[in-house]
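Shared between the two complexes below is chain A, which has chain B as its partner in the first and chain C in the second.
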Partner chain A sequence: MAVSPVPDRPPRNWWLIGGVAAFLLAMTGWSAEGIGFSLIELMCNIGGGGRLLAESWPPDFAFLPRLAEPFMETLNIAIVGTVIGGILSLPVAVLAARNLTLGRIVWFADRNFMNVLRTLPDLFWAMLFATAVGFGPVAGALALSVFTIAVISKLWSESLESIDMGLPEAVRAAGGTWLEMLKFGAVPQAMQHYVSYALYAFELNVRASMVLGLVGAGGIGMILETQRANFEYERVAMIILVVLVAVLIIEEISEAIRRRLT
Partner chain B sequence: MTEPRGRIRFSGAGVTYPNGTVGMKDLDLEIEPGEFVVIVGSSGAGKSTLLRAINGLNRLTSGTVEVDGQAVAQREGRELRALRKRVGMIFQDFRLVKRLSVINNVLIGRLAHVPVWRALLGLWPQHDRDVALRALERVGIPEKAWVRASALSGGQQQRVGIARALAQEPAIILADEPVASLDPVTTHQIMRDLVRINRELGITTLVNLHFLDLAREYGQRIIGLRHGELVYDGSARTVTDEDFRDIYGRDFTEDDLLDEEAL
Partner chain C sequence: MSTLQPGLQRRIGGATWATFIIAALFVWSMWAIGFSPERLGKLPAQMAEVLGFFWPVNMAYGWDRVLPAIIESIQIAWIGTIIAAVLSLPLALFGARTLFPKLARGVKLISATARAFPEILLAIYFVPIVGLGAFAGALAIGISSIGMLTKLGAEVVDSIDYGPVEAVEAAGGSRVLALRYAVLPQVLPEIIAHWLFRFELNIRASAVLGVVGAGGVGGVLLNTLRYRHFDKAAAVLVLTILIVLVIDLVSGEIRRRIIRG
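Then we have the complex of A and B:
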């Protein structure tokens, strides 16, 4: 058989490449101008940030024992939020997956529901639940539940959409119902992803519960807010260090779990 | 049960896919209980369409398919599930839950026999576990019951697929290219298993194959399809090379045979 030569590389569309680059540059310039962002000013004033950092050093380790209790509360808020949200995100994700959902209307409604959850910030949910159950850790946990649903259902519905539909079809062919098709055909293929996303959501929740503390949801965020207001930067540094270490530990644990899942 | 089991009847059945492709055209066909039928035809001839119409995985756009005198429902629901309960299916790509044990895969064949809540919670009744184990014994791998499906060879995985179909205690087994991803030796083993099960249990068996020599060796009755139409229907003993040429619409080559020296 005659071997045909490799054809020449098709010419690049320089007009398109140049156009996109110019567009991006213009957008950036316009936005920087709009918020009064200037590199030169940043250079001149960076010392102020440095002073803040210097004041925060060294972290106040004597403050550590007093962090134990609020830190546990933060963890508790994050755990409750992740578990409730993790469970509720299951149906939300399934119904948002085009290949598994129960009809176009359900799919459309669920997609929009997810978008609303995602669009409204966790602080909004915290305020909402605070008016319902009062300021405190319960409101925080509920807010994080919503946040968790938003995170997991978005990511997991995409995993579910990418599964191989052969197995669900085989379950159907054996006379399985929709729920059985999910349990035996769809979920086993996306289980690892679910666990990954749940752990990721937990990590986000530990961090987010700091922010929620600012609005009185309790936990370590509340301490952070009082110390910051009192200019106790060495204590603030200690709090941030604790959260940093906690997040790193969670990351390590979830990595280990994910490895064992395969 | 004395009702006639596993009779299939197509009457003027047609399938036109949404993209306009004709998968089946005005098919009239009757298959008797206990028959072992091999369906041949080149790819796209409508072999899968025919099988999948019997258990409602493909919807008819005209005509009817009946199983034991009852028309196959054309939408998901209780009626279709009741039919599927009696029709086991075996696939080219096995379609097992890789991360589950073999026995749990076979138990999927019992889904239509147990309440949904039991299946979802994994609380299988003892009777159904026994049926699943017997199915595994019948395909000769009971010792693999607690092994993960992903740890099995291709041939063993297909045996689990057969056991899953058997666990349904079906009247009909549909095998859609069951040996297309297996090596020649395993292919013959699986084909022999299917024939043996057909003889022992009297289950009506329809097998899609694309290798002509396999069709001749294992088929009792051969059905040839071309462009969604029935072009051959006869005994495997009397089928000629000329017939195969008609079915395929071309001379066949060694690509159409599993064992090349058989040409």
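Then we have the complex of A and C:
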């Protein structure tokens, strides 16, 4: 009996592979067609891009002092949004965790509420709140609060679902109420995750708050919008540089804190 | 008991300090942006009033104008994700510390910078270059997704079982063969799951790009709100929520299946 030197390959499901490949190709072709994707156009216009970049260089450093105030406003928006959203996300996350929630109906309703919040991007919330409470940083802070609830509660409810249920059950068995069970049994186990996700949400919020101004919701984005409309690309470049440096610094700090936590 | 006490006290102290600092920053920020308690009190009434305007939803406008815009957003997200997937795969391999120790640091720097850009800022640059429209949006989404996909991909590659790589090289295979037969089969399922996840994120990102004229549904929402056509804005919201929910559901299910294998 001849022993084959190589083990047989597992059989492949060519129908599935072919179907997936066909779907991917069709989707890509249809999308490229739909958005007018063309490499030729890109090549022809790349010169224009070079001109634009040349216009943006060097960034207008004289503009820097005028950015200080809107920049602080941006950070303020991010802080308010993270704190309000962080507090409100606590009950949303707890009720969306299957092992801690108050019955199936509450769980189902809260879970869907959370998913709906997650569907809308941050700037949509900003547009809605700007319409509701007027243009300005308050609208931005409210938008980021909603966005933060969506981010933290989704992630944290998953952490809560994976805790050790022995402790919460012990609290219940000793006659503790539902709130006491949460306070002494469940939440302390997932507290580190909560802090880590809150920091992550803060990073996202800083990044988001930089562009909220594009729809009139306060912060450095408002200045960006006016300079862009006036084609002052040296100033646009300066603003983008500030945003970039700020985001990178805050990410570094937040990552350092998160590393120390875990 | 007394041996436990100092450490315990220090930890509680740290948390209290952190809470105190955060509370102080919060109060200062509330004051700085003019978010007074008075304003907070008026909020529910304001929200209720505006929400009232949103009813009834103008679904005729939704099917006519909003649906094509949402489809365009999906197409932008798809092309952006494809661009990012194709470009980030080699970068992810080169960004793996275990495989290419010297290259990895440079790749990490590039991906960190790319991640720091909100895609809408990139779109501000692409719109003048390739003109108003969806193509600019797709390029912006593509470039800005590269950062995250490279980072996540490199982490996946870093965490592989190194045995097969050594086996290929011990049998005389080159680096390229090792990548093809030892690395890729291990990392592809997770990397594809990341691509799908990024596609979900990109749908939201592309929905927003219309604000700066880069195509998609964001411009429609901005205009309907600007002209106070709340019934039409409601159609944008309803359709966006429904379609994104469905895509999330499908994509999430596929991701779970790919990861399970």
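The working rule: the second predicted complex is superposed on the first by the 244 of 262 C-alpha atoms of A that agree within 3 Å, B and C clash if a C-alpha of one lies under 4 Å from a C-alpha of the other, contacts with A are read in each partner's own complex, and residues count from 1 in each chain.
Simple rule for what comes next: contacts are C-beta pairs under 8 Å (C-beta built on N, C-alpha and C of every residue); 3 or more make two chains touch, one makes a residue touch a chain.
Remember, it's a predicted structure, so these values are computed and weren't measured experimentally.
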Practice problem: Kindly classify A:L88 by the partners it touches after superposition: chain B alone (first), chain C alone (second), both, or neither? | Solution: neither
Quiz item: So, does A:A109 touch the first partner chain B, the second partner chain C, both, or neither?
Solution: neither
Exercise. Name the contact category of A:I35: first (chain B only), second (chain C only), both, or neither.
Key: second
Quiz item: In the superposed arrangement, does A:L120 touch chain B (first), chain C (second), both or neither?
Solution: second
Quiz prompt | Partner contacting more residues of chain A (chain B vs chain C) | solution = C
Quiz prompt | chain B versus chain C as contact partner of A:V247, first or second or both or neither | solution = second
Practice problem: For A:G175, decide between first (touching chain B), second (touching chain C), both and neither. | Solution: first
Quiz item: So, A:V133: does it touch chain B (first), chain C (second), both, or neither?
Solution: second
Quiz item: chain C touches which residues of chain A in the complex?
Solution: 27-28, 30-32, 34-38, 41-42, 45-46, 48-49, 52, 72-73, 75-77, 79-80, 83, 115-116, 118-124, 127-128, 130-133, 136-138, 140-142, 207-208, 210-211, 214-215, 218, 224, 228, 236, 240, 243-244, 247-248, 251
Practice problem: Could you pull out which chain C residues touch chain A in their complex? | Solution: 22, 25-26, 28-30, 32-35, 39, 43, 46-47, 50, 71-72, 74-76, 78-79, 82, 112-113, 116-118, 120-121, 124-125, 128-131, 133-135, 137-139, 204-205, 207-208, 211-212, 215, 218, 221-222, 225, 233, 237, 240-241, 244-245, 248
Quiz item: Can you list the residues on chain B that touch chain A in the complex?
Solution: 55, 57, 76, 81-85, 87-89, 91, 93, 95-100, 108-109, 111-112, 116, 119-120, 164-165, 168
Quiz prompt | In the complex, chain A residues that touch chain B | solution = 166-167, 169-180, 183-185, 188, 191
